[in-house]
Structures are given as structure tokens and as C-alpha cells.
């Protein structure tokens, strides 16, 4: 069975290039046949906000949606979303607003390796 | 013996957690994987020397190094790699990743 | 498949939400029933979270002391590098339940846990 | 004529306590009779997002709205909002989605002192 | 002569821009205003000494110091203040603020 | 009333959007016609933005070289602490239009500008 990479992302979509690193790692891992679970926590939840339109920077929301369509599981913390005024229904298609207990713990359980992307 | 891959994203001047490499890595096989501003370790003589004294190998993301103007300038222990190889390093070559 | 995770806590209290967020994530691992061991290791500025006299009500933040106590309820372990705390603020009283340790113990913890994340 | 304090905020509402510092400074300055202009740029734009509901942390959006009602001028960068998927109409009442050229430059021109809150 | 107020928000171990205090402040009247994790300068002997050698006075936000467990522990050059006084320091007592 | 502003640039290129954002803000000051002088001073890691061989297309980021060139079109000045760059990456070619200076010049710039902000 294919191994699973867990990406624990805690940097916001525009705070730094961290979210782009997460996207590039996820894409390369999927292409090599690994399972990829991405969990957004703290500022990291902002990557699933729909309607991101950074004029000259990479569009992380769009890329995450594309990777979700290719099989990456993407869940972000609901408490963190609510704190920032982002509500269920505002997430990019194919991603999920979930929780630490139900989703992140399952990701860890299923994961073989985890990479933390945070500042 | 547990092998450790230290993942680094911050500039050598910004990273305050190098102590983790020095201390947690003692006695282990260990490497550093450098993304974003951490790639400056590859071209900053003083900071690069410090890092290379504490790990067995160093992987440097080639795209980040090129963006900053130092394509192909990584030397010695510093090895430029692409994302597929980074995935391999993370998933297959080390037991643990520790982001610092 | 992963059954144990070590949370390395590097950020000082109350400037960032990181310590609280990391402690909550560790609690969620234990509460989920999926992860057998979830442990905190305080290093660097993260050791400042062990100071007993902290009073987060002064800045209206949720208490990191309570977050540590909540972990104890689920048998979560909390370790702190003694030297890092001492080099910052000298000899101070620390929170009950936090075990003051050396880097030797930290290296043991790294070996004993299958995954490691940083907050 | 009362002097004007310009607060240049570039940290997000939940990234750190920076936004709370900005709020506390603004409140104290208003109470002392100064004019206060706050400009949110980069991550700093997130402070005006309506509907923020941080369970246990201070509610920066709400506090900014209250200070706007007391006379603080609050403007954030529209390009930064669009990049993050936050659109005109989603701002807290009394705050404005504006621009560097039309608003920030005017704040600087009118300002006597500026304090930059950023990491 | 221009007087400068250096505004600091980061932990002594995280701040990489102390050089600005050393260099930009040379020959000026200068102070530091410490918020959030920067208040640790007031209780960290080594880092506190470094800062106090480079400025004429240091203001420490009392609420941030209390939150971290060191209420009333600022000594010597380090003076605990509240927000109304911070506003006064910013608006009336120094010509420039420089956040580092 | 403020007629001049100095932007102290402390962040390295392409990990953060800060340099681009700061350069854009400085350009906006000049373009607004309200602020007579708006100047960049590169210090610390910020000096790495002066490296001539940078190639942001490698990470799909907007170019900081173009951002500096745009400033020149509005007679914006750009200074860089020579020693800080050299101590990081040795002798390298720098972008046309960036003036390499010592801290003496930096102190002059601080005196000459009424407001100072940091990126």
C-alpha cells in the first residue's frame, strides 16, 4: 500500500512562501504515488478560502483545489476558521472544514511521515 | 539509531532554533532540508559552516536558490535538489522530520 | 501508521497563540483515542510557558497553565529543557506537572515518538 | 489642533497579539484626544473581516468596529484583501477597503507620528 | 539632534534587528518601547544588559510583563508603563519611531 | 503634517512578500503627489534584495528588481548597507540604481525623513 505524507501547514496563504512550498511538496508526492493529507491549523486555515485572487503571486487556493481534485485530502480547523471570520461554505471545493480530534488525529494515525510547514 | 531530517524555512539570521540541530541530533544520522530563505545557508560562508558542522548532509531546494540569485552556487556538502527528490528524502531516507 | 507524536514547543507565551494551539492539538490526539502517546517538549523561548507566576488575564488571553492542566487529565506528558529556561529568566518556580529535563531526555523523547511536530 | 497618530498594522488578527497592541494603543490615543488613523496592509487587512468569533481570544474585529465608531479612521489595502479572498462588503461597519495611493499616503501626510506594528 | 524611539515586539531571542538600535541610534537620544515578547528584555539579564547599553531609557508594557509572570520585576533602566503613557512617549517625547 | 518617509527593508526576497509590499507602498507615496520624498533603506537580510542575479520566475513571484526599477521612474531613492550584504554573501553584483552605503549615510537618512516605517 502507498505510504502517506502528512503536511501540517500553519502559515497563511499570503504570509510567506510557506503555503507554496506545501503545495509543491504535495504535488510532487501525489505524482510519485504517495497519499497526501494536508491539515491547515492556525493561520494555515486561510489556504482553503475560496475566491483568493492575488494578482501577481501564485494562487494557493486554486492550486489546493486542483490537488484536492487529484486525490489530496485537505482539512482545516473549524475553530481557527471561526476566529478569523471564515465560515463553512466559504471553502475551496474539495476541501473540508473539520477538527483536530476527528481529522488531524486520523491524519496522524494514517500517516507515515509528517512535515510541518510553519514559521 | 533514529535518523533525523531537520526542515528549515527561515533565513540563517532569523532562525533561533539551531540549538535543536545541535542538541537533538547528537549521536544520530542527520541532515538538513533547506527551503525558502534557509537556502542562504548554502552561500553564506559563516552560517553555512556552522550548519555543516552539525549535520551529515544538506539538501537545498534549487528553485529557491535560483530565485535569490544563486543558481548552481551551492558547494561542498550542500546539494541542490528538486521537489521529487525532496519528497524522497522526507518519505524514504530519514525516520523523523523536525521543522525548526 | 503512527501511534505517538512529540510536540516541540518553541514560542513564548501570549505573544503568539502557538503554545495554546499546540497544547490543544496534543490534547486532541489523546482525546481522539487514536494516538496512544502525545507529549510536549518545551525548548528555547517555549520554556517560558512553564513559569508558574504567569497571569494571562492581564492581556485577556486563554491560560497556558490551564492548557497544561487539561493535558494532565488525559495523561499527557510535558517536559521542559531546564537550562533554556534558566538561561533566560534565572531560577523561577514552574507549573506543577511540568518535568524539568536535560537534552539527554529530549533525545530519548525523539527516539520514543514516531512523529515530531513544531509549534 | 489635535495631533494625529498613524498606526501601520501588518500583522493578522490572530497571528500574534500585535493586533491587540494596535487596538490598545488606538484606544488610549483616542481617549487622550488624539486623532487616530489605522492602515491595514498585508496580513494586517484581516482585522476588518466581519464575523470574527475567536472563542477565548480577544475579538479584534469587534474592538476595531467600536473604535471606528469612536472616531478612529480605519482603512485596509484592497489588493491585499482580494489576494486573500476577502471582498468589499465583508468589512466591519465603519471601516473601509481602500488603497495605498488614496488612503495610506493621506494618512502619512496628515500624521504627526507613525507606529508600525509588524513582525 | 533627532531623537529615536525603537519599538520592539519580539522576544530577545527572536529579534534579528538589534543592529538597527546600535547603528541608527548612534549619537542620538534614544529609547526602547517594549511590547509583547520584547518585555523579556526586562527580566533576561544577558539580553537586558545588551539592550540597556545601547539606549538611554526603556519603557516596558506592564500588562505584557504581568501576563508572562513578571509583574513588578522590571528594574534599573526598565520602567513599567501603561498604554496612556505609551501614547505619550510615542506622540510627544521622541521625534521618530522605528519598529525593529 | 509629514512630507517624507523612510522605508527600512529588513526581510530577504521571495520568502516573504514584505519587500515587494514595502516597495509598492513607497511607490504609492510618490505617485500620490502628497509625499515629497519616499526612500528605501535596505538593512540586514533586506540587503539580499539588491542581488542582481535574482530570478523570481523560479518561484513564480513578482520581481523585486522591477519593483525597484518602478521606484526609479518616480525618482524614489534606494540605499543598501554595503557591509550587511557583504557579510552575508560576499562580493556580488547589485542591481543598477541601488546605492551602496555605510551606516553614516543611514543615520543621515533617518534625520532627513520625518517618518520611518519597517518592512
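Chains: A, B, C, D, E and F, in written order; residue numbering restarts at 1 for each.
The rule is short, and it goes like this: a contact is a pair of C-beta atoms (placed from the backbone, for glycine too) under 8 Å apart; a residue touches a chain by one contact, two chains touch by 3 or more.
Note that the structure is a prediction, hence the values are computed from the model and not measured.
**Q** Please flag the chain sitting at the greatest distance from chain C, going by CA centroids.
**A** F
**Q** Look at the interfaces E-F and A-B and say which one is made up of more C-beta pairs in contact.
**A** Answer to which pair has more contacts is A-B.
**Q** Any idea what the CA-fit rotation angle from chain A to chain D is, to the nearest 5 degrees?
**A** Between chain A and chain D the superposing rotation measures out at 180 degrees.
**Q** Return the chain whose centre of C-alpha atoms lies at maximal distance from the corresponding centre of chain B.
**A** Taking each chain's C-alpha mean as its centre, the farthest from chain B is D.
**Q** From the mean C-alpha coordinate of chain A to that of chain F, what's the distance rounded to whole Å?
**A** 33
**Q** Mind checking the centre-to-centre distance between chain B and chain C? Centres are C-alpha means, answer in whole Å.
**A** 26
**Q** When the C-alpha atoms of chain B and chain D are each averaged to a single point, how far apart are the two points in Å?
**A** Computed from C-alpha means, the inter-chain centre distance equals 38 Å.
**Q** Approximately how many whole Å separate the CA-defined centres of chain B and chain F?
**A** The separation of the two C-alpha centroids amounts to 28 Å.
**Q** What positions in chain A touch 2 or more of the other chains?
**A** Residues 14-17, 42, 57, 80, 112-114, 116, 118 of chain A each touch two or more of the other chains.
**Q** Taking each residue of chain B in turn, which ones touch at least two of the other chains?
**A** 9-10, 13-14, 16, 36, 64, 97, 99 - these are the residues of chain B that touch more than one other chain.
**Q** Taking each residue of chain F in turn, which ones touch at least two of the other chains?
**A** Answer for chain F, listing residues that touch two or more other chains: 14-15, 17, 44-45, 59, 61, 115-118.
**Q** Which two-chain combinations qualify as touching?
**A** Touching chain pairs, listed by label, are A-B, A-C, A-D, A-F, B-C, B-E, B-F, C-D, C-E, D-E, D-F, E-F.
**Q** Can you list the residues on chain C that touch chain D in the complex?
**A** Per the touch definition, chain C meets chain D at residues 14-17, 59-62.
**Q** Taking the complex as given, what residues does chain F use to touch chain D?
**A** 1-3, 5, 17-18, 21, 24-25, 28-29, 31-32, 34-35, 115-119
**Q** Where on chain D is chain E touching in the complex?
**A** By the definition above, chain D touches chain E via 3, 5, 16-18, 21, 24-25, 27-29, 31-32, 34, 112-119.
**Q** With touch defined as at the start, can you tell me which chain F residues reach chain E in the complex?
**A** 8, 10, 43-45, 84, 103, 106-107, 110-111, 114-118
**Q** If we count contacts the way the header does, which residues on chain E are in touch with chain B in the complex?
**A** On the chain E side, the touching residues are 13-14, 16.
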